[in-house]
Amino acid sequence: MSSIRIVGHSLPNIPWQDKPAGEVLPIWRYSQNPVIPRSPHPHINSVFNSAAVAHEGKFAGVFRCDNTRRQMVLHAGFSEDGLDWKINPETIQWNLPEDVPVPEYCYDPRVCWIDDRYYVTWCNGWHGPTIGLGYTYDFKTFTMVENALLPYNRNGVLFPRKVNGRYLLFSRPSDTGHTAFGDIYISQSEDLVYWGRHRYVMGPKEPWESTKIGAGPVPIETTEGWLLFHHGVLTSCNGYVYSFGAVMLDLEKPWIVRYRCRPYLINPRELYELTGDVPNVCFPCASLADADTGRITTYYGAADTVTGLVFTQVNELYDYLRKHSA
Amino acid sequence: MSSIRIVGHSLPNIPWQDKPAGEVLPIWRYSQNPVIPRSPHPHINSVFNSAAVAHEGKFAGVFRCDNTRRQMVLHAGFSEDGLDWKINPETIQWNLPEDVPVPEYCYDPRVCWIDDRYYVTWCNGWHGPTIGLGYTYDFKTFTMVENALLPYNRNGVLFPRKVNGRYLLFSRPSDTGHTAFGDIYISQSEDLVYWGRHRYVMGPKEPWESTKIGAGPVPIETTEGWLLFHHGVLTSCNGYVYSFGAVMLDLEKPWIVRYRCRPYLINPRELYELTGDVPNVCFPCASLADADTGRITTYYGAADTVTGLVFTQVNELYDYLRKHSA
Amino acid sequence: MSSIRIVGHSLPNIPWQDKPAGEVLPIWRYSQNPVIPRSPHPHINSVFNSAAVAHEGKFAGVFRCDNTRRQMVLHAGFSEDGLDWKINPETIQWNLPEDVPVPEYCYDPRVCWIDDRYYVTWCNGWHGPTIGLGYTYDFKTFTMVENALLPYNRNGVLFPRKVNGRYLLFSRPSDTGHTAFGDIYISQSEDLVYWGRHRYVMGPKEPWESTKIGAGPVPIETTEGWLLFHHGVLTSCNGYVYSFGAVMLDLEKPWIVRYRCRPYLINPRELYELTGDVPNVCFPCASLADADTGRITTYYGAADTVTGLVFTQVNELYDYLRKHSA
Amino acid sequence: MSSIRIVGHSLPNIPWQDKPAGEVLPIWRYSQNPVIPRSPHPHINSVFNSAAVAHEGKFAGVFRCDNTRRQMVLHAGFSEDGLDWKINPETIQWNLPEDVPVPEYCYDPRVCWIDDRYYVTWCNGWHGPTIGLGYTYDFKTFTMVENALLPYNRNGVLFPRKVNGRYLLFSRPSDTGHTAFGDIYISQSEDLVYWGRHRYVMGPKEPWESTKIGAGPVPIETTEGWLLFHHGVLTSCNGYVYSFGAVMLDLEKPWIVRYRCRPYLINPRELYELTGDVPNVCFPCASLADADTGRITTYYGAADTVTGLVFTQVNELYDYLRKHSA
Amino acid sequence: MSSIRIVGHSLPNIPWQDKPAGEVLPIWRYSQNPVIPRSPHPHINSVFNSAAVAHEGKFAGVFRCDNTRRQMVLHAGFSEDGLDWKINPETIQWNLPEDVPVPEYCYDPRVCWIDDRYYVTWCNGWHGPTIGLGYTYDFKTFTMVENALLPYNRNGVLFPRKVNGRYLLFSRPSDTGHTAFGDIYISQSEDLVYWGRHRYVMGPKEPWESTKIGAGPVPIETTEGWLLFHHGVLTSCNGYVYSFGAVMLDLEKPWIVRYRCRPYLINPRELYELTGDVPNVCFPCASLADADTGRITTYYGAADTVTGLVFTQVNELYDYLRKHSA
Amino acid sequence: MSSIRIVGHSLPNIPWQDKPAGEVLPIWRYSQNPVIPRSPHPHINSVFNSAAVAHEGKFAGVFRCDNTRRQMVLHAGFSEDGLDWKINPETIQWNLPEDVPVPEYCYDPRVCWIDDRYYVTWCNGWHGPTIGLGYTYDFKTFTMVENALLPYNRNGVLFPRKVNGRYLLFSRPSDTGHTAFGDIYISQSEDLVYWGRHRYVMGPKEPWESTKIGAGPVPIETTEGWLLFHHGVLTSCNGYVYSFGAVMLDLEKPWIVRYRCRPYLINPRELYELTGDVPNVCFPCASLADADTGRITTYYGAADTVTGLVFTQVNELYDYLRKHSA
């Protein structure tokens, strides 16, 4: 087994469940899934694609909570243990600087601690989908800044630190609809306002992701590179199937793919993944990692309706990833 | 709580189940759903989108019963209590006046008592879908008359009385397929043969109904207006979701929308709504109402496979509708 | 040669040009086509699909004049001889009774004298295309009445008299776009307000019209039936081609097709028909007929840009039609 | 009940379960379905559309086993009783004669004993889908030969003997994608290399199969003709539903349909058919038949994820088929 | 200049026009194009995609003559000089052996002398497009035989002799419509009835042919290989453009491409190519070749409306082809 | 007439032709159009969408020259008078800094003098269309720098000077194909490398541009604002029509539209605009302006095949624009 280590903080209270006996794959589901059910409040239709982070010894997060009008909105939430979540009943109200347009809708958030605060990126409605950017210190007040990119874009995910003096942002250029294409790019910035030096990371390659792919949680820094979970979409003879897999990216030039796991890691198999508002979806949005133990816990949206949890060990995952890389 | 009252008859034996403890929403499912299972007879594939009415102290109805050839046909059915239904094994045979064409297919019936008989409207196959019209006195013999409208149309629903001396008919102009558009109109007639003075009622507005909408059961007259349940369709990134909501229309000019409930009332959540011939469908087709108690019981098709039942109180629903109207 | 005669008025000053020597087909183009060029005024982009009639010993008409914003609007126009036209620079301003909605756009007009006035039908923008209806006595003031039919419909064409006590209207049910289907129906009315007793006339049959068809000019009454020119659309491997042909309908039940000419009569061949805003269009909208001589002169839109003229003799056309009927 | 008999061998150990009490339809599911679950090995995503045959007193087969990369590959498998299957963990490795191209992918296999060996046909990736052809004597070594047909084709199924001196092959000409069309043809060959004398068998007819149809298992010879199970696809307002039915074909000219069962026999109803990688699929690929008892046992793919089993008696099925034939 | 020579007969009366002064490209148009105008008879809409051959010291051919019903039919025609053509007014009537189905439509013929007769291949309507096959000795009586291939196929073109003891046939597998794909294959046969040993020749490669390609005239045998003209289709931002180019194929294994000309040879530039029933089409269907002089004269359809002629010299063309091959 | 003046240089030798007598519109075509024909060299298929500028007392430019492979490539060209152009036979060879990817294709260039050099922007092939950026001093050597924006984007147009200390760039976010949407945005940069502070300028509004719009030539600074010509696309019932119009943008915040001309200025009317590789296209790419006289001369691509020229006077155009603004 490899000696890879997570570069980061201890998180001794990371939500965790040991691997079931007999399981040979490196990632396994939480036995109490869905960890967050669909309607924590009567006017909330579903909670999924959730961005949980460690916060002040506990956990906090930003959640996609489609309401019963089926508006796509964001709520903050808090948890003592990362398993039992209190979702705020009211949506996040953004402080908006002058000239920053009011979001038409917000979905699929990611939260990333950089420097001194939590940055939030999400798919932001502004003449179509683009990458909204904001920040919070406490998950109580939230401030939005300039949209990072032009429309049409989705799955904007920040790196947790500057690389070579520049902030990095994954994104997936898109169009106005759900057209069947999507590759992952990295854009660079010196100030989180102006973005350039765009680099191509990767596109669909394996059948399970052959329609489109997008970055998942904030990448995890390891001694061997940036570990990125990404979702991929297969178009069957009758619809989409969203699974997720993993890649290891170069530490200094993370647009270089060191290893890419050819099989998916998680695909829709459980009833809460197979049925719901969008059948057959497993969509990862946030990972917690404990540098001491190498534990990684990942929240993923299931069927665009509820939130599931999966667990892995960084060294076990890395071995699997290398072994099954092309 | 408002003083709204249903304008109509007593229906003391309305099928009913009290609201579960802890439920805060104004409408709730029957605990024994699906109230009608998919195959009452071996050659019937499914029973859904069902038009039940009170009849001679008991209940009768016209049911969409796709057969195992997957032809869309109508059957009559009877029930002592509105819960336990005997569906006739044979389809309805229409008496056809000269020149009235034989239906190619019949689906999504509604039944409406006007004047002295039960009128049936349905989506009728005649060079494409249009609004078939017929009547019965006893649910034993049925007579078809002229198609009310030109193709292509669906979801034709009569009002239970003339308004300003004219019969009124909701419809949803469509095309030859299942193209993603659909608004509700009202057409007027002095004789149920010639229709004109078409009025626009409403189109998609909320996200949950953003693809298309259509009238549901025969509207219920109340002291505050016509209460209409309507279905709405959302196009997710991977298919349709049919939910239903409610509006209150002006009594004299029912093309004027007084209140429109922004959230949906019922959306697909139960396994019998999430899976079946068409996953993710809740499609209301008939309501029973008791003027004495304000109880309203609504039959809806679930997953185009079985029939479900939901209950509400008119005043509770009206308060919710007003509170959540735009 | 047959003894068919036009039932109607003399029109001794009908615009006319004799058949060119050597021509064997029963219909021929005006040698000075296009009879109306594209821009009679600088802000008019094109004049086509034009509805000319005899009026007070001269000629008048309603013209589709897309302006240089490419709005679809109607203009009145006048001519001494039916060849040299003065198009009004300003659009028709409709007098609108209460409740009749302001047209969003108007195109493809037909004009039909019935009883005591000129009725105008056109494709009217009201939540999508439907059949607008209005009238004029003098081509100076115009009054709009209720839309005849629900959306979505196009090519509404009135009969020049009641048949069996009812007004008759051709139409072509459509949808919100230019989807590739279209059949001709007749609707009936006792008062031009309420319409019913819808009858199916015909759908695509020959390859040249295999995508969709629609009624052309107001039908011409003859001793053998109603003569209708209709356009038909062929979808080639790379776009549409609009040609036109003719049918003879039963006098009493004009939804019965007596003869249907299998070949087209006119198809796009001249440069002004092959090129323009919509290449490959010949679209007839108005015919003049002289009962004395059997002459029929038809105005047609060419390439959705200009107006052309073709001539025929009723008996020659009828013989050709019968000979080439299926 | 008819005196029809299966023409073929005894198979006394055919997997079997008696008809449940009260069942009136001629075909019934195995109570322990799915008979093969989705992941016999960790890297296998699903096992379905399976081609089982009797082999040396036991059972063997070729299985579509999509792996966790979602590649479509074939595995051999063995069973003592036809119910409990051991699927080989490694894919079939084809011996490839010179010039025969390496398959890009392989799916939906059928296995057919002819003369002295087991022939395998499958949907073979070669510039698009076409009909791959190979053989084995022992399910250990497999040899591929020339592709039988040009792309684009699917559902190639051999007859178990020559008819009139020629090998026969069902196929379903297709295109590069999953476009909504598909009819069944028979092609003939004297040497299994060159194919010609193509005959049309049948296309969609009933609503349950109105989008496309394809041959299922190797046809079963009976005293009354060739019994063919075939799948058919219905396009609902929101996706495909795959059911299956049966036809009886002429013994000498099997492109002549003697009887065609108008209702489907099996459609998606159980949770393992309604949910999975492709919801709502029942797709038959292999039948076992016992000439002594008339028992027929059919393996079918469920939801493109697992394998189910259904049972019937040839005479009962034949009576049903004749009774419900058009 | 290369020493390539045509392998074949002298054709001293080949229609010919010397290269215009100043022309640097190796192929040039006939100055009197279109050589065949659109309507040689009043009921013929267009003559294009024409298969002319040398015949008894003069010229004969099979022509696609869409009639004024826009049916796609074939006519025979004759010419003294290959320039002035007499097209028969009546269509070819096929003698049909038992079991050979009546063609639903016939288009895009090619004529190929093999052994002792002229074989005709064409796109034949039989449940969709496939490759019809027939023969004539004299262009007066024509006999059809079995369709060569299963639907859906187009552009079937025979080789003028057996290669390695087998007849060879180019084809372009297609689907039921004009979907945007198409590669060239070769199928082999020992008897012109059963076809197999299918080989892939080539697919789209250059931008001018990036949507689909198909074989053009019967290939011309040269000392350096088989010279094949092929058409290719580019999809612009607003429609298709059909141009044509050339390849040199291996003499013994003609599925091996020796040289492939990267630029097109002829594209739509003249008004008769730019406008007509299908704008922007140059589609070659027949070449005449004179072994003595190396002259090659090619007939091509222009705008699916008329027929054009282009000229080249085999050595000049071959040099250009080699120079511009990838 | 207004006192608007062009802010910029004198260009006394601007190519010019006076307004024809009788013309009432403010813009008119060059009588010798097309000013650049389609094939200046045999291997060039077409020259259009051309970016001409004043250079050293004469004229130079960058031209889209699709070659006869139909590759989209750029050529430099020179002219003494702006009318008679010498296009280089060879394509522009870009000097490529490390990491800047080789363009897959280049089309629709614009050239803009800023500070000390000519910047070139174009639609650059890099995993789809994006905005390529490069520069030249002399039209002999060209250097490419980082792509300005992420894919998918088209119609990138620089402003001729910094505004408020930032470079400005129009663009039209797009997708991988020619999907029917497109709005104009402005992005800002301090260094031409990193771009942000994206602002929305405008989307389709008038019918003539109702499908999509894009910026045309480099905007012209005037005393009243930035004058921008833009193209707009109308989707007719059978294809696209590209016309162009003009807007006046705020000098300081050019995302604010001061005036927007509701009619188009130029639409396809001449044969060289109506026919060619893409019928019905007028696409402006470059303007020359003379501050002394107010003359503006604009080059536009016609039918994606040749280049046309139109003339206007700034004050006349501005009056027209204001008069016809919404």
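When the chains are written out, they are named A, B, C, D, E and F in that same order, and each has its own residue count from 1.
Here is the rule we go by: contacts are C-beta pairs under 8 Å (C-beta built on N, C-alpha and C of every residue); 3 or more make two chains touch, one makes a residue touch a chain.
The shown structure was predicted, so the numbers you read here are calculated from the model rather than taken from an experiment.
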Figure out the least number of contact steps between subunit B and subunit D, where 1 means they touch directly. 1
For the sequence-identical pair subunit D and subunit F, determine the rotation angle of the Cα superposition and round it to the nearest 5 degrees. 180
Of all the other chains, whose mean CA position lies farthest from subunit F? D
Interface check for copies subunit C and subunit F. Shared numbers divided by all numbers used: above half gives same, below half gives different; which is it? different
Between subunit E and subunit C, distance of the C-alpha-averaged centres to the nearest whole Å: 42
In whole angstrom, the CA-centroid distance of subunit B from subunit F equals 56
Note the residues in subunit E that touch 2 or more other chains, in rising order. 239, 275, 279-280
Which word fits how the chains touch one another: line, ring, star, complete or other? other
Chains touching one another, given as label pairs in label order: A-B, A-D, A-F, B-C, B-D, C-E, C-F, D-E, E-F
Considering only the defined contacts, which subunit B positions touch subunit D in the complex? 38, 42-43, 45, 67-72, 178, 239-240, 275-281, 304
Interface residues, subunit C side, partner subunit B - complex: 126-128, 146-153, 171, 173-176, 179, 181, 183, 185, 187-191, 193-198, 200, 203
Residues of subunit F that touch subunit C when the two form their complex: 24-25, 206-208, 210, 234, 236-239, 241, 243, 262-264, 267-269, 271, 274-275, 279-280
